[in-house]
Amino acid sequence: MMATPVVETHALSKSFGETPVLRDVNLKLFAGRAAVLIGGNGAGKSTLLRILGGLSRPSAGRVTVFGEDSLSLSHQSRRRIGMLSHQSWLYPNLTARENIEFYATLYGVPHSQAACDRWLDQVGLLAVADERVRSFSRGMEQRLSLARAMLVEPMLLLLDEPFAALDPDGVAMASGLIRAQVERGCAVAMTAHGALQLDGLELEACSVARGRLVPYGEESRGGRVRSMPGR
Amino acid sequence: MAAEPSSSNIADSTGASAPAMARLAPWLGVATLALMLASLFMVFEYVPTEAQEGIVQRIFYFHVPCAWVAFAAFGLVAIAGVFYLWLGDQIWDDLGYAAAESGMVFCTLVLITGSLWAKPIWGAWWTWDSRITTTFILWLLYGGYLMLRAMADDTPEVARFGAVVGIVAALDVPVVIVSVRLWRTIHPAVLVTRQGGHGLEDPRMIATLLVATVAFTVMFAWLLMLRFAQLRLRSRMKELRRALALAEASAGDL
Amino acid sequence: MGSFAALLRKDLRLELRSGQSTLALFALSLLILVVLVFALSPEPRDRAEASAGALWVAMVFAGMLGATRALLSENENGCIRALAMSPVDPAMLYGAKLAAAFIFMTVAEAAAVLLVVLFFNLDFGPSLLRLAPPLVLGTLGFSALATLLAAISGRTRAGDLLLPLLAVPMFVPALIAGVKSSAAALAGAPFSAMSQWLGVLVAFDVLFVTLGGLLFEHVIGED
């Protein structure tokens, strides 16, 4: 049985100026499944996620999200996309709770104190809920950003390095949250620098190498790709 | 595109617009030259001297066409901006940019010729007469647009920003005209002895003005086309470079 | 409407916490007025005209700083991207940013009016209330213009320089109308002397609020 993909890209390419960042990417994401895009710095993973989220426009090719063109997503579709970027997208002078409340209101999801508390509790920040984000460490910011991305009840979740800056506790917490999202039927795409293992979750891994999407483990076939892991 | 001459093969591989314009440009240049010579003859030989202002008034036949072209060019910038935001095709951005640059030339000419005329007639190089002020504001708006293009050159969204500024500025112009007119009628300057009112009673004056207007409009079209064709080629080159970089990267995979 | 209120509440809360924009606006207004007093002499021949002019100069230049600062909080952690991705309509986003800028500028201006009264020895009376219509309309127009343009200039090199280059020429009609109607208000002229200027201000406001709402999505979008 082949379900309709949540996200589908057709011959997607992206260049910044003259520099190609993504080349001929064909990708499908399905509801209730998680994919990991593996690649080194500058491989194009983040750019790919941003294009899938409709934040950046492809130079060539087409991207459909929930059956719509990613450049003209309806309100309904945008409401169902959660994204974690490498920037936190949090207001430093608001408290953790105020940030959560703010985004919940924007997305029209329950933003009662109880609902916000539940999210803060899940990411282990309830004790510092009323402290300003400015005083947070990078890891705490990452936890709060995860809550921000997931509280919108997404059907498409785009996570750029979800485990960055997290302590082992945080990694376990984040994997649990991601698994819960997949189980409720959300399509998840995340990026990582190397192979990932999440307990109880089957991951489809592919590599992004020099702007191309290849099955994981086959990226070295081209020979030269491997030699530039830290570009 | 095999039928095209070899010299323009690359530019023709997708769109023929740039070389087509490049071929049209010389003809427009010739037309400009002919029309300019005709209007020079008419301005200096054919048209009678205006009774009140004397010989200086003849600059009017250059001044007014320049003003018309400057305002029209700004309208073109805004229209190109609307189409760019609507269709997202680079050609509209190139057109808007070319129109702004060419328009700036004529807007500057309006201010210079106006100043040359004002000195003997009004006794000062510069007065805050409503029309001068409006033109000056137009010049500043053009300046802002061109500064944006220069300063945001490395921003990928520069075309969009240019379109937005071009649209906003052009729609601001009517409000500028109204407010400046009210401003000057409420405080009439002593220097302004007659509010414009160039009585073109002689039909030869009208004929001269018409020929000069056509001449300047054709000259604008010529300059616009040259710059437009150049910008088209630049965009095309960027595209080719991008495609080349893409091809090189793909070749590296093998 | 929930998201508009949330956006505005967020901006006001941030502002109450730091007081950055309003304070910076007021401080700059104060300095500009001081400079103008020295430049014009505190007892100019036409006191109403000079003080109205000073007030508007302070408003334009302080307002530019305010508009830049109002977008700073969105740029700090990339929040503007979160807003661009959110289901909130860009026009609504623009409206909320415009409303916030308008409130900050109005507060700073109220203080600037008091300074002008003090510095130029104006009568402290009900005639000052007549300044409200031109100032409110002018501030609305300026916030509308500056919010749109600051979103552009904030994303370019040397944006601080670019904003005045774009904003000042566009603001000219509102500036003329604002100075003229403010001077009339301070000189105690009848309302009819102000009405045509207020008409120009209204036209300016309608134009720029509409354009900003329509075009904002293009200035926050990325390629």
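Letters A, B and C mark the chains as written, and numbering starts fresh at 1 in each.
By definition in this document, contacts are C-beta pairs under 8 Å (C-beta built on N, C-alpha and C of every residue); 3 or more make two chains touch, one makes a residue touch a chain.
Treat the numbers as computed from the prediction; the structure is a model and nothing was measured.
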item: Fewest touching-chain hops separating subunit B from subunit C; value: 1
item: Chain whose mean Cα position lies farthest from subunit C; value: A
item: Top chain pair, ranked by how many C-beta pairs fall in contact; value: B-C
item: Computed distance of Cα centres, subunit C from subunit B, in Å; value: 32
item: For subunit A paired with subunit C, centre-to-centre distance based on mean C-alpha positions, whole Å; value: 38
item: Subunit A-subunit B separation of Cα centroids, rounded to whole Å; value: 48
item: Sequence positions of subunit B contacting 2 or more other chains; value: 156
item: Junction residues of subunit A - those touching two or more other chains; value: none
item: Contacts with 2+ other chains: residues of subunit C; value: 221-223
item: Interface residues, subunit B side, partner subunit A - complex; value: 156, 238, 241-242, 245-246, 249-250, 252-254
item: Subunit C residues within the subunit B interface of the complex; value: 145, 148-149, 152, 155-159, 161-162, 165-166, 168-170, 172-174, 176-177, 180, 196-197, 200, 203-204, 207-208, 211, 215, 218-219, 221-223
item: In the complex with subunit C, residue positions of subunit B that touch it; value: 85, 137, 140-141, 143-145, 147-148, 151-152, 154-158, 160-161, 163-165, 167-169, 171-172, 175-176, 178-180, 182-183, 186
item: Sites on subunit A touched by subunit C in the complex; value: 53-57, 75-76, 78-79, 81, 83, 85, 87-94, 98, 102-103, 105-108, 148
item: Residue numbers on subunit A that touch subunit B, as the complex places them; value: 13, 15-20, 23-24, 59, 210-212, 222, 224-225
